[in-house]
Amino acid sequence: MQAFLDIFDIYLLEAVINGILLGGVLALLALGLNLIFGVIDVTWICYAELVMIGMYAMYFMVQYYGISYFIAAPFTILLVAILGALLHYLVIAPLLTAPPINQLLATGGVLFVLQSFATVAFGIDFRNLGIRLPVLAFGDMNFSYARLLSFVAALVGMVAVYLFMTRTFTGTAIRAISQDRQIMALMGVDTKRIYIITSALGGALAGLAACLLVLQYDVHPFVGLSFGPITFLICVLGGLGNFIGGFIAAFVFAEIISLGGLFSDLEWGYVLAFAFFIVMMFIRPAGLLARRR
Amino acid sequence: MLELRSVDAGYGSFQALFDVNLDVKAGEAVGVIGPNGAGKTTLMRVISGLIRPLRGSIRMERVDVVATPAHRIVSLGIAHVPENRRLFPRLSVDDNLKMGAFMKEARGKYAERLDIVFELFPRLKERRHQMAGTMSGGEQQMCAIGRALMSNPKLLLLDEPSAGLAPVVVQQVFQLVKRIRASGLTVLIVEQNVQQVLRVVDRAYLIEAGTIRSSGTSAEMLASDTVKEAYLGV
Amino acid sequence: MLEVSGLVKRFGGFKAVNNVSFRVDQGEILGLIGPNGSGKSTIFNMLSGTLPPTAGSIVFAGHEIAGLAPHRIINRGIGRTFQIPRPFRRLTIFENVALAGFYGQGRHSRVKAEEAAERALAMVGLPTDRHAPVDGLGAAGLKKLELAKALATAPKLLLADESLGGLDETEMDQAADMLRKIRDELGITIIWVEHIMGVLMRVVDRVMVLDHGEKISEGLPSAVASDPRVIEVYLGTDAETIQAAAAEARRRAGV
Amino acid sequence: QEKKIKIGVIFDLTGPLAGGGSELEYIGTKIILDQYSKTGVEGYKVEAVYADAQSKPDVAINESVRLLEQEKVDMVLGFFSSAQCVPVAARVEQLKKFMWMTTCISSAVFNDKNYKYVFRPQASGDQFGMMTMDFIAQNAREKFGKEPKDLRVAIIHEDGAYGVDVSKGNEAGAKKAGFNVVLKEGYSATAPDLSALVTKLKRARPDVIFHTGYNPDITLLLRQAREQGLKFGALMGHGAGYGVYEKLKEGLGADATYIFNADPISIWLANQKTMDPKLAPVIKMVGEEFDKIKPGVAIRSAHVGIGASNTYVFMNDVLPRAIKKYGGVDPDALRKAALDTDIPEGGTMLGFGVKFYGEGTPMAGQNERSFPVVIQYLDDKSYVVWPKSQAQREAVLPLPKGTTYSNQ
Amino acid sequence: MTRRGRLAAWAVGLAALIALPFVYRDPYHLHILVLILIWSFAYTSWSMMGRFGLVSLGHGGFMGIGAYVTALLWNHLGLSPWIGIPVSMVAAGALALVVGYPCFRFRITGHYFVLVTLALSGIVLQVITATRDYTGGSLGYTPNRASANKLLALQFDDKTAWYLIALAVWLAGLVVWHWIDRSMSRCALEAISEDEDAAAAAGVDVTAEKLKITLISALMTALAGAIYCQYQMFITPDTVSGIAVSLQMVFAAIVGGLFVSLGPTVGAIITILLAETLRIGFGTKAVGWDNLVYGVLLVLFIIFLPKGILGSVLDRLKPQRKVSSSS
């Protein structure tokens, strides 16, 4: 009993809060994917690789050309937005009427391309931005400034995207487009334009994630592998296209990883998170926030 | 207002319309009748730009519709209520209506148009937050017409608006067509329900196997032997 | 043969079907009518197992079937058609029907299933050619296919969610004749949902009317057609024509 | 027919391991082989065929099979990852071909396998782990003022082949020294978050952390450690990511100072006084060639030297003997020549000697004279601090007061 | 082609395939051939369900179980693979049922199904890695070499033997495919993939049919894993389980064409040969370029041959059937 009570110490609290901060990172990553995958129902398996390219862009601008972080960031966001639009234009657009599995495959090919492009162009070295932000300390507990930033960005981003999606005409059109593409023209909607806007927006959000992730992680051609699968799981756990759900799911996942890691092994924390995901799918097949049928 | 000249249209290698000529004058209500697969829906699609004619010209108030990109045709004042309604099933009624006012020109008058539509269909106002896909057939039909009216059109294309509706509602729909007409809108309506439709339109075209077989005022059509035999079950 | 009592279906807080009870006798054609959204398709969905009822009992041929899985219910002898045809486009017409014949009759024999398919296709007047694709069928053809699929499962009770709207007059008549023929020749009991009163009233033996998920009237076609409540919520000003049609039908049937 | 030895060389040039050190070893190996391709050995032409294992074991297998059976190489040389060496060694042995591993430090590669044709001059992973433990054990009382049983140590490692093997050595070493192991845990090198591990470390309050990992995860761990305020007395790294100071510095800034690392000694740091004088010019040559390929690197990674030295031993010692004494370059000649190897301490650029365990011993094929050294990074330089025979200066231990992680 | 002609063509092709290793003995090429056959079988197994819209990213898990359970039983309990393989298949099948049943029962389809199975792959991979005391973790695992009875241990040094085994297994896979193709289950599954409710209304027990095909697919995939392990005599979590392997299956199957029986085989041939040739062609001179080209080709294949290589070729060969239009 005492041993059991022992775990309720300051470290538990720290783990909980760190879980929340990790949740911020994951939520930020899931945000753009949720737009693409959840709302317009297009599969970008290579989403995390777009983030990787964005991280390289930041690295080179800041480390190599000495551009200030805050000037480099908008450029990176723009760059990844353009990449997103290009990805749509070159790869997805020809496959819009094909089954989703073909999109998965094609963007999987793009994943290879981006990884090996990074290998060829930037080499296999791990690279680090070398910016080290201060630490926030509350008594015995310390927190990462960089993560706090991601957290805030994710929160603001989520609210902004949510408002955009529900309040504006373009946002409504984005939600409508996966449901009936053919009649969009009857509404006066240029479907091509909506797809490009959405893809660019998804790309921009990936770029935003890149700007914040580069503060915390080394960049290398395979950094996407650390984030890719879990980002997809979060989107689905939250309910496809449900931004609030996705946001919450990111935190649930992060807490499981964080607390699972604290109570048992880090490795089993991930097993737990995956298993939790599967079980949740059985209990709430349409996402965390969905009402039961 | 609308004029079609020698229009051919089809799907891939299959031709569905042959040399169609058709006119709709401002303020008129015009019906199109004909058997299944005659090409009525194709005709509507070709007007609203969902498919492009193989040949021929289409003009809306002297603007060349064929040369206008599909998504700009709405702003010429043409609103199309497609066959089977085609609502966005997982959007709320509100959002479906919002999509109807997507066009730049219509966005400014969104609130105003919404009031008009809700006045026409109080049922929609009750259900404004329901997902369109879970509504009953009649409710969906109201929503589809409402959505089309949101763009403040001059010409309303209705493709079988009475299909699958309860008799009272069918009557309501035709009443509605009358009211819409009375409010100054021009209507082109495709119907299988020949008897009823001929009561609300001024003129009608009979289309068979992709060609216009005959046309005339409703009275003429009602009296015509071909129409009587084939469509009125007399 | 079918005894429904206290049937309820909720969607969230909304009661789509509210405490409906009725019975269907062997060999009759029951017309089920009601305004759009009154719960007709929902009742069909519960009878066929597509949706589980929230409450209530459904007794078919002496057995409680409420909440059973669809394939179980079909094996017991309730077949259905969908209001909006749902063909399997990747299968041929014949395969569509043979599939229903095979699984709908408890997966016994493939040969029997194919025979059943041929009979059903012939009955509705579709080609029995084994390679004809579904894509060539028009609206009327799809309705026929829908019916053939249901017939191939060798039902004792057929739930026909027809909505002939969209068919032309001749096609509607054909469809109505077909239903009657099915009842007369195969002895299949039928519940028929339809909005085209002129056609429905001519064929059915009895009519039940729903409104807002509740049963508001039941009886012989002519009686129902003159029920003021039914006229108000459903038939509207056309009631007279419809009453005439019903009377005409009764006269023809010699009742 | 001209006399020729054809050598298949396999390293990871792409994929995660490439950046983990494999590419650097490839460069070191290639510098030596290029040299011998010019001169030849005992009248034999030297031809090297290179292949990229892409950090994947199945590709390593395919490439080995291809080189041996298609390209008809006489032997294979190289390999960075133990996960590749294990299956390839088994194949090579089965085909009775010759294999010379430059790295693949896992003890599992040899343990009880009784290989006849597979040799590794390099120290094994558990030796790395034992070495650092030994270093701390010898210094516990003096530097920490604690009895070994009171010294709290934590062993953490990435869960790949390399990290696991080193951690086994750590564990064995800790047991031998009688330390109090307060935490032992593995994690995936691709894990996006290590804060739970840091929290556990904080709770365990270790005096010394023994860590094995690759670059990204080291950076992540130490950054999160800083952010969460983890304090300790010393951090012992074990090669791989800790061998690449450039990257530590880039990711951690000044915090990279005082980190310890167990690795084969960097050939440019080895004590040249006790070394065979013939080696000095070779070391210089490797350094110059390396600078041409990768200019502007502050501390040349030990990995380059590992590739170079271990290849050099083969080309300079084993191969000539095989040709002269055993009459050729067939696998049996190479094998006999390898078993005859007897280089005393100081006879290689890495400082250690070479003598292989013979047939019938549990580690047959492993160099019994190899050892890693412990170095410490100080002021952007690295100094050997252990073992005493190689030490260049006294270790700074524990972390001085006022540094980021210091628990003083 | 007539039925007789088709049978004759098959017989000739088969005879040629069996004769091949006795005529052509280049060991590296045989090695690649054996790998192609084993992977073809694995991809065929995946396509069993993939062709019906059940896109699983969990097959890495089944393959891993097949490989690891067989090897673990042999090393730890001395159980011959002849028993170990069936046991491992049962294990994979059990897992398939445990995950499949709730999935199908609760109507988890489309993206949701894909990601549930993806999580399954992740779990199997992590479990193999984390239980390193038994499985060797990411260092990989080697079945003990049998000293005496090679047949009992299912270990052969001869590539020809492996070639024939792989060929037999691959053929068995095709036979199962054709067996399913001609059964009523195929119709049912096609129907389910289009519209579950309508299929159920036709009397199909949707859950049971899906489970059946999932089970068959999982069993076959586990067998592929076990055979791969016995042939390579070495497995690591990354080569036989995990998300990467699952994706590899999807890629190859779709590139080849998952709606025709030989499609996955063509996919295996193309992807493996392409990867090998590109890697060897670029060698160490242009590091990384092989994967770049591989990725680009993959994208181009899928955009221009959306039904897969074999599927699209067969479509072209077929006399164009006109879109008929009667009503």
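Labels for the chains are A, B, C, D and E, by order of writing; each one numbers its residues from 1.
In this section, a residue touches a chain if its C-beta (ideal position, glycine included) is under 8 Å from a C-beta of that chain, and two chains touch if they have at least 3 such contacts.
These numbers come from a predicted model, not from an experiment.
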Path length in the contact graph (subunit A to subunit B, fewest steps): 1
Shortest walk length in steps over touching chains, subunit B through to subunit D: 2
Whole-Å gap between the CA centroids of subunit B and subunit C: 30
Centre distance in Å when subunit A and subunit C are each reduced to the mean of their C-alpha atoms: 49
Whole-Å gap separating subunit C and subunit D, where each centre is the average of the chain's CA atoms: 77
Between subunit D and subunit E, centroid-to-centroid distance (C-alpha), Å: 38
Residues of subunit A engaged with two or more neighbouring chains: 116, 119, 265, 267, 270
Where subunit C touches two or more other chains at once, by residue number: 138-140
Residue numbers of subunit B (touch at least two other chains): 36-37
Footprint of subunit C on subunit E - complex, ascending: 184, 187-188, 190-191, 193-195, 197-207, 323-327
Interface residues, subunit B side, partner subunit C - complex: 35-37, 84, 134-139, 141, 160, 162-172, 192-194, 230-233
Sites on subunit A touched by subunit D in the complex: 9, 11, 14-15, 18-19, 21-22, 25-26, 116, 119, 123-128, 130, 132, 135, 137, 140-147, 216-218, 220, 222-223, 225-227, 230, 254, 257-262, 265-267, 269-270
Residues of subunit B defined as touching subunit A within the complex: 48-50, 69-75, 79-80, 82, 86-91, 95, 98-103, 106-107, 147-148, 151
Residue ranges of subunit D in contact with subunit A within the complex: 13-16, 18-19, 23, 159, 185-188, 190-197, 199-200, 202-203, 214-216, 219-220, 223-224, 226-229, 247, 250-251, 253
